[in-house]
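To keep things clear, I will list the structure first and then write my remarks on it.
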Amino acid sequence: MIDFEPSEEQQLIVDTVRQFATNEIRKAAREADEAAALPAAVLERAHELGVVSSALPEAYGGGGARSAVTGALAAEELAYGDLAIALAVLSPTLLALPIADFGSAEQKKRWLSRFAGDRYLPGSLALVEPAFRFDPLHPATTAKRDGHEYVLDGAKCFVPWQDGVEAVLVIAAEDGEAQGFLVPRDAPGLSAAREKNLGIRALPTAELWLRGVRVPASEKLGGEGARGDSAVREILNRGRVALAACAVGVARAAFEIARDYAKERQTFGAPIATRQAIAFKLADMAIEIDGARLLAWEAAWKIDEGRDATREAAIARHQAQRVALEVADGAVQVLGGHGYIREYLPEMHLRNARGFCTFEALSLV
Amino acid sequence: MAISFEPAPNTVAAKEMYNRIAREQMRPVARKYDEQEHEMPLEFVRFMWEKGRSPPGSFTGPSDGFVQVCVQAEELCWGDAGLYLRIPSPALGGSAVAAAGTNEQKARFLNPFRDGAPKWGAMAITEAAAGSDAAAIQTTAHLEGEEWVLNGTKIFCTSGEAASTFDGGFVVVWATLDKSAGRGGIKSFVVPAKTPGMKLVGLERKLGIRASDTATLVFENCRIPKENLLGSAEVKKANPMQAGDKGFKGAMATFDASRPIVAAMAVGVGRAALDFLKGELEREGVSIRYDAPAHERTAIERDVIDMEAELQAARLLTWRAAKMMDHGKRNNLEASMAKAKAGLVVTKITQKAVEILGPLGYSQKLLAEKWMRDAKINDIYEGTQQINQLIVARRILDYSSSMLR
Amino acid sequence: MIDFEPSEEQQLIVDTVRQFATNEIRKAAREADEAAALPAAVLERAHELGVVSSALPEAYGGGGARSAVTGALAAEELAYGDLAIALAVLSPTLLALPIADFGSAEQKKRWLSRFAGDRYLPGSLALVEPAFRFDPLHPATTAKRDGHEYVLDGAKCFVPWQDGVEAVLVIAAEDGEAQGFLVPRDAPGLSAAREKNLGIRALPTAELWLRGVRVPASEKLGGEGARGDSAVREILNRGRVALAACAVGVARAAFEIARDYAKERQTFGAPIATRQAIAFKLADMAIEIDGARLLAWEAAWKIDEGRDATREAAIARHQAQRVALEVADGAVQVLGGHGYIREYLPEMHLRNARGFCTFEALSLV
Amino acid sequence: MAISFEPAPNTVAAKEMYNRIAREQMRPVARKYDEQEHEMPLEFVRFMWEKGRSPPGSFTGPSDGFVQVCVQAEELCWGDAGLYLRIPSPALGGSAVAAAGTNEQKARFLNPFRDGAPKWGAMAITEAAAGSDAAAIQTTAHLEGEEWVLNGTKIFCTSGEAASTFDGGFVVVWATLDKSAGRGGIKSFVVPAKTPGMKLVGLERKLGIRASDTATLVFENCRIPKENLLGSAEVKKANPMQAGDKGFKGAMATFDASRPIVAAMAVGVGRAALDFLKGELEREGVSIRYDAPAHERTAIERDVIDMEAELQAARLLTWRAAKMMDHGKRNNLEASMAKAKAGLVVTKITQKAVEILGPLGYSQKLLAEKWMRDAKINDIYEGTQQINQLIVARRILDYSSSMLR
């Protein structure tokens, strides 16, 4: 039966994460953005909440409550706090979920219990490439078999690269098909340079160069001989749903600031929210946010059902990235001069929101 | 409860059944009744009336409730929105009776729709000088003995001709008992078909939905029994929205229930255009690659993806508003969100479809141009885009109607 | 020097045509649309004003005042009256201007003095084809040389086909290059069916079939042996500028109705024009109309300068068609229920405006 | 007069000269002063000051008048909008003096800009509680003997630091003589740099145009000579817009003159992004086919054509408003049209450019992301999008500011 009410457990997660996002993430957001540095303590506390580990298999110490819908609900709330910090909180998903879904028994054993462990362990995934003609299903980065090893060559960008990252899942083309490879951070031939971007500044991301990086054939996602093309498609879809959910969270955060400001700010003796131009803009924001959220949920639900969600995930991301940009831009506009200064958050939401059209797989559901 | 997008088997069956009606009974005559404006589509009306009197036995078991009603509206308006509005039913007039009427009134006005010849209900609110501003209504009602006497002129009354002409039908008329009381003086009255003093004086010639009759009704000393008032006769000058009177408030609640259906109707028209466009593109060998990288996308691909996203967002907002009614939750905000979004989306989608189809889109050989004409009403009736934005704005800002207008 | 003020002569033309459009064209518009028939008397009076003949060469009895800018100014005013009637008034340009610009001496002699004569003579041009993949520079309609004749085959649509049309300039591909051919109305193998379209209903347009239509080689635009590819490009550009100007006229007409209605219509005790949602919509309309007009002027000016105006004409049409649609749609919206009924004009403007994205060369400057 | 788009030779020469400055003096340091917010770009400031003191002899002969000023602003903001705002000049403060000052005042305040060390002028209007609503200004002025005494706090004052700090500069401060008189009580006062009682208390950290200083200035019993009032001291309680007082009206006229320049600045930023994008696309082998049939267009082609159309529409609206000043026509409507359009267009174009450029667009290695940040101010300052829409709406509806607000 069609329904749009989260289950009780899901509602509990939403409430918990929202509270955490409001009380802890949001308060650290501006400083983190200005310093281009993550608040480590917040990440540890988020880990304690079990946002990621609850989704990992029970066999490895996780909560076993895997659900893309739940993941989307949590991602929205985290991003409602702050996008960069949300992506850091969720970065373990970049390694843990593909391994849980597609990893070999050995890979699962090696990694999953660590992600479900007591301490927060960041993950990383290298998909996007710094090229105009980037196509995620046909990366320019190549993996060539050489005996018992793969040799990886190419360049990547937008690679989450927090302190503590131990390995990165590199998506590279083997014989023209996109496959995943687990590459240790200190692999010879791998070099990383911290990026400076328009937004998500608090999240350390790197431009990554792979120059003849050698990994054992068993480090291919799924193990030696696995065919990972469908894994990469799945990663893309799960990444797009996560991005859509995060975009909704960013939009909601920007909307609420604009709404509250508009009720507060007086001109000509009345709050600007009483002017139709502002009031209708806020109404449109609210409508678009709710619509985008429902699209993200639908795509997530389809993933949970085990059906092909390519179309739904693409559509949800397409809509949510537009909505996030328009809402954030509108929030800056509602605040006027105050929207343009870094004393208020809308300008940061605008910078973050503009990334959703370009980001891929910065977190997974 | 859990988030789910899986329709109940009942909904799937209803969708299939109404889609067949749309394909077989509506599409073949859609152009005809567009061209022969104001002509009653007799065969279709009889078919739907019979269909409505013998509900299929298969629709038992778990249901998506009000969502299923939306699915039905979507399918039939995918067939033809003008013909949909012609289907004999109590329609909005019935919703008003159901929302604000006593059990006796419900029985008296709605039971006749169970059998006999086709009948229509209608709601008459709008006046030349009172559109979105219901408080400006000039039509008056006053009590003379055991009768209410109505005087005034109503325009834009959907199915007003059918409801006022065919036996057993009725028109719910909004009129004021006391102009000085503003909204508090406004009540709704049930005027049965053929009541003396109710006259059909005109039918609008419209851009689209030409199969639907849009009437101007004049009430000249039109007398109805005292028992035809919906709700109480008491005039509350304070705030009628909070007064607990089933009159104005009940009528307003009607909109919360009707807006999801109207939104679903809009979605149906939009889907008609989008389905057709995608079919034509496929015939032309143009495929829509949902996962093509941005630099490879064609303008048409992006347009279609946009249209699909917008339409689905409108549909889901609609279903959410509908589902809230099943859950017994107040859906005033969500119903207006759905209506505002769906009205805008269907307008844009149908206009875009005409563009992409080129000369074929602009030609009356195909239905694309008609869907564009039909679509635009969704941005206007049952509360314009602006009225619904206003309602949404008031709710999200927690402003009263006097604070934000 | 950069300037945006029409010359005195141009201003006189604008004033005259505007008055004519307001007093005669506008008043005939609704009836013409409902009846799908042109008001013949209005066309004759427009001809007396010399809107088209003034642009024809003096040698053939014309006014010799050829200017694309002036043409754009006049087209806007005519379309401000009514688009379908404007296109009928301007239909002589479809034959007369290409012949004046590219015709052979014989073609000029045969046709131009007739278009500059005392009586209104409609023209016709067959460019658009009823196909999704229509490309004006590579029409599917073909012209094959056969001895001293050309044989034309293909289908066309949106062909102005008024009573009195004597010949139509058919654009067909000869060896893959688009060329023009003067085809008499009664040519064997030529058949026409009146179209019904969403808009411009008063203008009789036809779907045209050419089945082995034979014309003497001398009936090629420019005469036997002429290369007409550049002529077709020029026709496209001049057609797009004319469309852009007409689109601005339609938008202006719709805008003015909306503006006047909004000042008149009262809700909650005040004109709806005093609500920001309406007032700002009207302001945006006014801004967009003025911007589109300036783009049309620039493209027209470039044509007058003899420079390649392909980009400017395409851009002007692109912008003006969008603006016309948005303004007409907005006008329907401002009028609400009254916008949806045929008692008021905005619904007609909406139907007409939607055509500008598809029309080509329905009149020329 | 005739419609023409051919720039005068002077304009061509000016465009070339300012484009060279933009390329050679601004672009190379654009990122540096974006990152080193609040740092004075000394070398650039000195260069522009010298340049301004020795105007090139070649700019004689027919000119496009005010359009040429717009072309100059466009070229320099194509270079860098933040640095442009840092150029030592009387700026908006100077415009106010020029519009409302006496000859004596013009000589006294503007002549120092002819030589000596770099100087800045500034205009201080906005207050925490008075943005678009100038009548809400709380800063007061009262006469004590031969001096005006100013008290209040001004925010968002462009070049407020430079104007208040460097000798010879000045800040034009809007203050009220009588709060009860609303707009009629508002006057503008010239406060020379370093006047005791004028204090720089903060510099805004901004999304973009970080090379420009945006100051908060506090006036505490700040005393200036009686002769520093612009216009008359008479408080007209009726309608200051029609009262002929050069104070408020003069200040408002300043905006009619400044808005085309601000619009041209916006166009410059938009063109920077569009030029760069087109260059990158060319490098990637992506061509823009202006005459490709619609069904063949790529999404990028349509985006670029859209961007070009929108930018050119904004530019032409800007030039038209400028040209009207040359013709001595009132351009209040047209100046606001240009500003509203240009502010919106540059915001959208730069955001779109970042999108199309993908990872490169989002990276701070290139300037595209910076242009997006710089662009947004054009939707906000010198009258927000909404204020300019309001002005346009009033003019086209023939409504006063009290009828439509």
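Note that the chains take the letters A, B, C and D in the order they are written out, and that residue 1 is the start of every chain.
Keep in mind that, in the parts below, a residue touches a chain if its C-beta (ideal position, glycine included) is under 8 Å from a C-beta of that chain, and two chains touch if they have at least 3 such contacts.
Values in this document were obtained by computation on a predicted structure and should not be read as measured data.
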Check C-D against B-C and say which one is joined by more contacting C-beta pairs.
C-D
Matching interface for A-B, options A-D, C-D or B-C, criterion over half of contact pairs identical, gives C-D
Go ahead and note the Å separation of the Cα centroids belonging to chain A and chain C.
52
Please tell me the distance, in whole Å, between the geometric centres of chain A and chain D computed from their C-alpha atoms.
39
Pull out every residue in chain B that's touching 2 or more other chains.
294-296, 355, 358, 386, 389
The positions of chain A in contact with two or more other chains are 132-134, 275-277, 280, 357
Tell me, which parts of chain B touch chain D in their complex?
286, 294-302, 355-356, 358
Using the touch rule from the top, collect the residues of chain C that touch chain A in their complex.
275-277, 280
So, in the complex, the side of chain C touching chain B is made of residues 128-134, 157-158, 195-199, 266-268, 275, 277-278, 325, 329, 332-333, 336-337, 339-343, 347, 350-351, 354-355, 357-358
Chain D to chain A touching residues, read off their complex
126, 129, 131-133, 135-136, 155-156, 204-208, 214, 280, 284, 347, 351, 354-355, 357-365, 369, 372-373, 376-377, 379-381, 384-386, 389, 405
The residues of chain C that touch chain D in their complex are 1-8, 10, 69, 132-137, 236, 259, 262-263, 273-274, 276, 279-280, 282-284, 286-288, 290-292, 294-295, 297-298, 301-302, 305, 310-311, 314-316, 318-319, 357
